[in-house]
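By written order: A, B and C. Residues from 1 in each chain.
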Amino acid sequence: MISTTWRYLGENWAYVGQLVVEHLRIVFLANGLAVVLGLALGIFIAKRGREALAELVLYTAGILLTIPSLALYGILMAILDALGLVSIGLVPVVIALTLYGLLPILRNTTTALRSTDPATLEAGRGMGMSEAQLLWRVRVPLAVPAVMAGLRQAMVMNVGIAAIGAYIGAGGLGQLIFRGIANTRADLVLAGALCVSLLAVGLDLALGALERLATPRGIRKEARR
Amino acid sequence: MIELRSVTKVFPGGARAVDNVSLQIHQGEFCVLLGPSGCGKTTTLKMINRLVPLTAGEIHVGDRDIRSLRVTDLRRRIGYAIQEVGLFPHMTVAQNIAIVPRLLGWPAARRRARAHDLLELLGLTPADDYLRRYPAELSGGQRQRVGVARALGADPAILLMDEPFGAIDPITRERLQDEFLRIQNEIRKTVVFVTHDIHEAIKLGDRVALMRDGRLVQHAPPAQLLSQPADDFVRGFVGTDRTLKSLRLTAVRDVMGASPARARIGDTLVAAREAMDKLGKTVLPVADDEDTFVGWISRTVATGSGLVGARVIPYLVLGSPGMPLNEALALMLESATGQLAIVDDERRLVGLVTFETLFERVRRPPEPPSASEVQP
Amino acid sequence: MRRNLILVVLLLGLASVTAWVTHIGRVGFFMMAPPEKLLAALREHVEIVLVAEAIAIAVGIPLGLLLSRRSFSRGAPILSAITSVGQTVPTLALVGVFSIMLGLGLRSAIVALAVYTVLPIVRNTYAGLTSVDARVREAARGMGMSPAQTLWRVEFPLAVPLIMAGIRTSTVLNVGSAAVAGMIGAGGLGEIIMTGVSLRLVEMILQGAAPTAALAILLDRLLETIGTRATPRGLRLALRRELAER
């Protein structure tokens, strides 16, 4: 079974490569959106005086995360259909993955922004920084590692979930697995699984490296401790 | 009671943590294992209840080689207290204290009664209130008391304590030490107590075993450790202020010079001046007709004529015979005359401590520790 | 309070959507699943999840326990490698492989889900047991507890929160995996979704998807409550205190 999997991958590398690209496109698109939304929403709810709102938003995002992918795809398809929009393929899958990716990013952003050392903030204020300057020059840079960690978590999770998206026509590596199941070809299933796993592990490593790079040099040592 | 014979511990990797240590700890004795971190004191302690196995040598508890007992039986006979974090967070105070009794199969009612008594002994009252609480609901100091109560759970003859007061703020630590001394006076356990704090060692120990690099450097009563350090390491470890520390070990009554000269409030100033001249003093304590101490008379105020009573300098502080000398010294520094009047419970003048008395005391190395008890 | 409101609104919404699409009865040529068939599918779904979970717990907790013993400590890095890579394998693939190996149907689905679930349970059991403060463990030994007594009276109760968290996460994931298993003929709500997708019938997709989502949310909340209840009270207080002090 393993050897036929290798043979399949060797013979169909162009096709598999194309599926990998499709897969990555879905994941990057969704997580790109999740980062933008997560950051914006995170900064919004991390403001002082919005603790209750923050709790509600995070709680809701937590509930969304528990909804199984197939069910969420289905619900989104129904909503899109009711709105008269494209209800199949890439769109519902990207929306679903964006929602899934939101929680880790949102949670990490909010926590990081809230937990900036009060002494650091006071120093900034003392030097005459406005609240906006404090946010963009001090708190956000200090929150970057946490946001990156959230993104990494979201990415790895979404690589796996995206596979099921092939069932509603979003393409990607899931196609390989579904075709394998339909034709009882274990080599196709394993080839798909192998690629998805490698992709997840690879993204995890790459984003881990990026996380270290994105950490402001001054706090790198501290973060490692 | 506990005897270590040429005990050696070599950890895998070759580190010689304890090197040929022999030590005898008598029944009812409070033995402190003292030394800098990494000196092997904790390893030595843990070898006694076999948390750390011996590499060579023998340890006897009572008259049995510890290896002849089942390890769990040995440990259930020996109380073991560590820092407060050693409490089990998922168990109530009552359950924590009753762990060893339960392992020994005591019936529930007896366990409860025992836990109750121990809490009262350690001053956690009302005990019923504390029994139901969880460690998370206690302060650090309270948790530490529970830790000691737990070690006493099954009333073991021996208590091993590994820096039990280490993680506590200095004020609470001081109080816990005092209380533990009081309890130890009552229960007279054989205690082996590990610490790196020289003050704690001097305060608590009947004898102190000072260790360095796995070896026993000196095993002696605190006073001897301070006055006759075995070598430069001990001298350095006990500190340059060892004379000050040794003051703590002597009670005022041992140095105070009984029935000191005094003036009476009814004496004339002329008579007082004459008395001072005769004694070669510039200050005298003043007592009334019942011999109650009322204050001081000094050469500078005893001028002209009249009675002493009209010129008495009121006192600010008083000493008692049971007070350790270090406290007496602190009070003297606050006293208006630089001397300390020692009075009994009825405030009758019974003694006097001056700087000269103290000088004399610290210059002369104290012979075997004073017979009288130092009461805090 | 407002949290519960969100939860109730969401669950009621999902339930009424389900009731509504079931009530429609038919769309064009196609019959929706009748109420009794929907309920049967729901029951099947719960069964798949619970049986797979039970198997995974029965295997995973002893395995995690074994690995946490010192004599097996060499297995720990291997375990962490297997679990971290294993988590990246999509359930879909596992369901597929087992359906090919063991044939279509319920049995393959349960085996696939159980295999997938064992990993987080082993990992959390291991993490829970090894995260017990070394000083607490030493206190237990020092007072004369045997290794078995230390395990059952001290280490295990303290590991409960992490073990329960593992059970909770994996159960919720399994609700989704069981839906995917609908495609290999395991029954359950997944089958209704799959039929809906192949017929391009949004109403039928919703008929399967809405109760699946509700089931996942419900189980998540339920297991959170059970997890809190199962955690010894003193430990809960300690964790809360730790959180407050941070």
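A few points about this structure:
One rule holds for everything that comes next: contacts are C-beta pairs under 8 Å (C-beta built on N, C-alpha and C of every residue); 3 or more make two chains touch, one makes a residue touch a chain.
Worth saying up front: this structure is predicted, and the values here are computed from it rather than measured.
When every chain is reduced to the mean of its C-alpha atoms, the one closest to the centre of the whole protein set is C. Seen from the C-alpha centroid of subunit A, the farthest chain centroid is that of B.
We define each chain's centre as the mean of its Cα atoms; on that basis subunit A and subunit C are separated by 21 Å.
Taking each chain's centre as the mean of its C-alpha atoms, subunit B lies 57 Å from subunit C.
Computed from the mean C-alpha positions, the centre of subunit A lies at a distance of 62 Å from the centre of subunit B. In the complex of the two chains, the subunit C residues touching subunit B come out as 133, 135-136, 138-146, 149, 154, 157-158, 232-235, 237-238, 240-241.
Residues 46, 49, 51, 71-77, 80, 82-83, 85-92, 99-100, 103, 134-137, 150, 160 of subunit B touch subunit C in their complex. Across the complex, subunit C is touched by residues 52, 55-56, 59-60, 63, 66-75, 77-78, 81-82, 87-88, 156, 159-161, 163-164, 167-168, 174, 177-178, 180-181, 184-186, 189-190, 192-193, 196-197, 200-201, 204 of subunit A. On subunit C, the positions that touch subunit A within their shared complex are 2-3, 6-7, 10, 85, 87-97, 99-101, 172, 175-177, 179-180, 183-184, 190, 193-194, 196-197, 200, 202-203, 205-206, 208-210, 212-213, 216-217, 220.
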